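See the structures that follow.
In the two assemblies presented below, chain A is common to both, partnered first by chain B and then by chain C.
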Partner chain A sequence: MTAPAVQGARTTPAAAQPSRRGGGRDRRRGHRVADLAGVGPPMLLFCLFIIVPMIVAMVLSFVRWNGLGTPHWAGGSNWAQFFRDPVARTSLVVTLKVVGLSYVVQTPISIALGLFIAGRQRYRAVYASLFVLPLLMSTAGISLMWESLLDPNFGALTSLAKSWHVAFLQQNWLGDPGLALYVLVAIIAWQFIPFHTLLYQVGRRQIPQVLYEAATLDGAGPAATFWRVTLPQLRYTMVTSGILMVVGSLTYFDIIYIMTDGGPGFTTRVLSLDMYDAAFLQDQYGYASVLAVLLGVLGIAVAVSLVRFTGFATMASQQEGAA
Partner chain B sequence: MGDTSAARRRWMTVGVAVAAALTLAACGSSAGSGRNGSSSGTATMWIVTTGPSPANTAIQNLVSSFEKSHAGEKITLDFVENQSFKQKIQLAMGAGNAPTIFFTWGGGVLQQYIKAGDVQSLGSSPSWASSFLPSSLGAVTYNGQIYGIPVSGTQPVYFFYNKAIFSQYHLTFPTTWDGLLSTIATLKSHGIAPISLANGDQWPGLMYLEYLTDRIGGPTVAQDLQANKANAWSNPAVTQALTDIQDLVKAGAFETGYDSVHFSGSGSDALVYSGKAAMQLMGDWDIGSILGSDQSFVTGGNLGMAPFPTISGGAGNPSDLAGNTASYVAISSKATATQKKIAEDFFADALSSTNYAKAEVAAGEVPVSTGAASLFRGQSLASYDTTIYSSVQSAPSFQYSWDQAMTPQVANVMLTNLAQIFELSETPARFVSTLNSQAASGS
Partner chain C sequence: MRRLRPGRLVAVLLGTVWLVIVLAPLYYMILASFRTQGTYLTSNPWVPSGGLSASSYSTVFHAGLGRYLVNSVTLTAACIVLTVTISLGAAFRIVRRSSRAVSASFVVMLFGLAIPIQAIIVPIYVLIYKMHLYDTLIALVLTLSAAAIPVSVLIMVSFVRDIPRELISAMLVDGGTEWTVFRQLIWPLSRPVLATLAIYNGLNVWNNFLLPLVLTQSSNVAVLPLGMTKLEGLYSINVPAVMAGVLVSVLPLLVLFVVMRRQVMSSLGGVVAR
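Our next item is the complex of A and B:
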């Protein structure tokens, strides 16, 4: 009896509407008021704290203002400044590097760890809680901890390198222009892999066991099962995790700000740091807004295109014929 | 009916209370200041702090004794954390909601507020001006008018060095640039990092540029830069100073990883007192900072202090100083007449009093009051304090830290580009042209 009821609920639009249309007018208006009352407050907050600031940032990007006195209309000069500013160009490149590297480093490790802790081996729970540990630490704590570990004079890594005579461990980790960015990407990965691991763990757990049984019957080995069953079934998890990774690292700020503040030189100066400096250290709110708008547009564009090209929006079932 | 109106009144009271609470929350500690407290006899004051300190207590005591001797005049004192202060005061100023008395480092930031009409002028020579060393008021003087009064001690920059290392290798602290270079070579040959530099923070590197331009070109170079004169950065003294800095770097004068070492934590200080590095160019707060982490190093007489070396043929006087002449408080022009009166009384009767100078000395600071020389006797760090005070007193020029003196637009770009000079990833010529154009667009 339950099955048809569910079926009916799913097909509500086509099947149920004609019968309601007759006497449902007032009721529907009543619904609309109730809907508005329900949606109104969050919509209002959304407008007040998301939409309005976005519009303000757009407007600010066309004025010259140091935070004091009256803003002056600057036309497109802030935007022109962006295209002339070599530091902004460098920052854009560094940001894209952080995004790309973060994705490439974090995704495979997260999938591997996620599949591992979704399994049923012994001590799985112990490993799982160890892996998730960085997720519990505050970003400032992580930054300061790594900073002191990597200190070129007093750091633990330097001491290790000296006592074990391992020369390559003795590096100027955060001060070497060729190294600092990769060190930061690694630390960011260390911080965020646990989160994505959890996503993949959940994703793996939701794959029906019958698919694996069928694959085994068809004679698929572990590798084939992974490529033909697990990975395709994790597609939406990959999209979700990918969007979070890409958009998150696009606007990433804290660890970089605390650990290198963009240095050495401009080698780790991401766009969000450039924006922070422009607004709060140089009091150029107009120019900072240009960078903010740019980051916003970039983030939305990436998220939308990821959703589009992966067919995420349609949410079509991946398990046709499985159930 | 009586019931309902009483109920309504009660609800209104609640409403007003909620509104008041929200307003208070929104204004934070600035509540009661500016236009909010128009009729009150209470002035508000923001002082910057890096944590609980004897200096904070000295100000608190000063306020309470001022309130006792001035009936009806009250000052609400708030300490604001150092890192967030610049942003907080900028927002309060922009919103016309600044406290009556606000903390400032003077220089370019204060000038921005003055130009925006946010700061009350104190006249060309307020009654208390003679209580302070003349060099100490330059940072708050604009167009001949004084806008602030010193609230804390002076912070000139010196070389601080590890005496044990110097005596071990039979060295005396060099008084000339060439002497410094040969000392560096000697120390390096013994496997000791000659100079500890916390350039992860960027501002410590600036001290070299400040002193070198002064020693090479005299005090007018920095004055032109701080006045934002066109192409002031093209002065040959700046280029020479930048070249000298890069020579130091090439000579291996700084410790490994100097561009990621910070001043706080186990940073540049630890290198000096642990004997890994021989010296550090730093503000006089370094004495207190090292005292905090390795007390016996200071009390045991191991911490040496020396002025920046001279450069042969240079135009600068060897007694010229660089650093923070003092920090100040100023009055918001948006304050009410009553509040301004309280603030001016507080400046004339409390901040410029000998009692406050004494309290500052007791708190370990070196005040810029004219008669402070005799106050250091018996203090634990008297030898340092006396030297600092007399060097400030006799300095022909005391140039104010550039990152404070210049506008934020220029200062920030200067610091990031100077860090690149230290990393040898930028040439002096490019630094000069970048700064010239930044100064032109920022003015």
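Our next item is the complex of A and C:
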């Protein structure tokens, strides 16, 4: 009666009452079976393919192993190799550049576009659905598309350069050591800005309209409203988006692997590429694991410090209150 | 009069500039895919003149794109079914808070949100190899599903938590078991969130590149992202064929997007924004 949606409601509560005490043990056993059936399979899968590999990666970083023979304890020599290796040092710098540039490029554009498509006008909904298109493409597809578009001989940009007589557009985009990294950062931005734009759209729509009405009453112009109302209210969205952006670009692999494979020279060689090479081309599983552990630790450290920095931890309680 | 505000004008202008940045490469790709190898080199890549043909599409299907397509569909469907069902079961138990072990498992799974797959790819490879699953679709199903569990469980928990407790107690009082509660209450009520997660995870699986790259090798288990790069290896000078391959691989997602645009957009933005 109280719950019309319940289909199994046949017996009345009064009738169920007597069996309750005796059913206690049954119920507890029922719980245990249900727990095992419910949490067991995902935990098994998750532990086997995520947790165990994580532990193994840490162990492997202290081991010398080529994947075939018996692994030998190597102490800290893999780690020492990392700190001696000049390639690793450049990779670290390139990686940090990718992270920093991605953040600086993607955040303001995403905020601007997110606010734009948060508007309720019909044409903005159309814009929004077109903005999303890159999210449907795989990184492999995006890489191949841009590769041919940027081709210095037959690419579409070169053809534009010729027909518009804009020499600037004719460059060896991916072959020029001074350019390649920036081109990659731009393509990564093309791929991920749509996602962050959606985050900011959702974030903007969650800001209570009352705040804007109050700001208007107080005589705030558009600029003041943006700096004093919109941006502070988007704080948590900025943290979420920032973490995803930083951790994502820290471990970024696909586009760089397909488009430049670290070249020209070592100008676009990032740590994840180093790791892939060490493991799957040079069979140095120990050293590759050092790089892997570093990537993981760096990612977690960035995420945690961003959370600490911005008092993100208080968000959970706030959202629960709002829900 | 509000329309004429300069701020709004600038916003529309910037939005339009970004729209061009998004659409121009896609337009170029579509046009290029309808060229032949010869006309691609001779004609203006931005103007649809000088003869268009669909021959590139038959070229790529002859080169095995159909196989990659079937593999991708199989893999994605398997991952969606596996992840979504087991995550919902777990979420139900976590919300019921029936034991400490369950709550502990939830914490462990949340921890997984912070582990990038790149950081554990080497041990995953070794493990799959030792399990004799290297170069099989099963290896991809297992690993990609495992990688999707943290997000899925988190989203499901926050959804199931909002199902009124009274409904569950009422069912139990009326003699229902945990299983009937799950089967007759949680499962039917969760349909919308299941759809959201299916789309979100499905997109990730469909487009994943690293795991197929590391865990498979032969063409008959290659999925689309990997297959496309194989095509490029085969036809590195045949740009129209490569573009046709890329377009065929986006087409299923594009159809999905056109059919259920609202749902897709809210899954993409909503899953994380929750």
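Simple rule for what comes next: the second predicted complex is superposed on the first by the 267 of 323 C-alpha atoms of A that agree within 3 Å, B and C clash if a C-alpha of one lies under 4 Å from a C-alpha of the other, contacts with A are read in each partner's own complex, and residues count from 1 in each chain.
Note that in this section a residue touches a chain if its C-beta (ideal position, glycine included) is under 8 Å from a C-beta of that chain, and two chains touch if they have at least 3 such contacts.
Here the structure is a predicted model, which is why all the values come from computation and not from measurement.
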item: Partner chain(s) touched by A:293 [first = chain B, second = chain C, both, neither]; value: second
item: Touched partner set for A:156, first chain B, second chain C, both or neither; value: second
item: Touched partner set for A:218, first chain B, second chain C, both or neither; value: neither
item: Contacts of A:260 with chain B and chain C, given as first, second, both or neither; value: first
item: Comparison of chain B and chain C by chain A residues contacted; value: C
item: Partner chain in contact with A:67 - chain B first, chain C second, else both or neither; value: both
item: First, second, both or neither for A:175, with chain B first and chain C second; value: first
item: Touching partner for A:42 - first (chain B), second (chain C), both, neither; value: second
item: Partner chain(s) touched by A:280 [first = chain B, second = chain C, both, neither]; value: both
item: Which of chain B and chain C A:148 touches, first, second, both or neither; value: both
item: On chain A, the residue positions that both chain B and chain C contact, one per complex; value: 67, 148, 151, 154, 280
item: Chain A contact footprint on chain C (complex, rising order); value: 5, 7, 11, 14-15, 18-19, 21-23, 25-26, 28-29, 32, 40-41, 44-46, 86-87, 89-90, 92-94, 96, 98-99, 101-102, 105, 108-109, 112, 114-127, 142-143, 145-147, 149-150, 153, 162, 166-167, 170-171, 173-180, 182, 184-185, 203, 206-210, 214, 224-226, 228-229, 232, 239, 242-243, 245-246, 249-250, 253-254, 257, 261, 264-265, 268-270, 272-273
item: Of all residues in chain B, those that touch chain A in their complex; value: 86-87, 90-91, 93-94, 112-113, 116-118, 200, 202, 255-261, 265-266, 270-271, 276, 408-409, 411-413, 416, 419-420, 423, 425-426, 442
item: Partner chain B, residues of chain A touching it in the complex; value: 66-69, 87, 148, 151-154, 172-175, 177, 180, 260-266, 277, 280-284
item: Residues of chain A that touch chain C when the two form their complex; value: 2-3, 5-13, 16, 19, 30-32, 34-35, 37-39, 41-43, 45-54, 56-57, 60, 67, 109, 112-113, 115-117, 124, 127-141, 144-146, 148-149, 151, 154-156, 159-160, 163, 190, 193-195, 198-199, 201-203, 222, 237, 240, 244, 247, 250-251, 253-254, 258, 272, 275-276, 279-280, 285, 288-289, 292-293, 295-296, 299-300, 303, 323
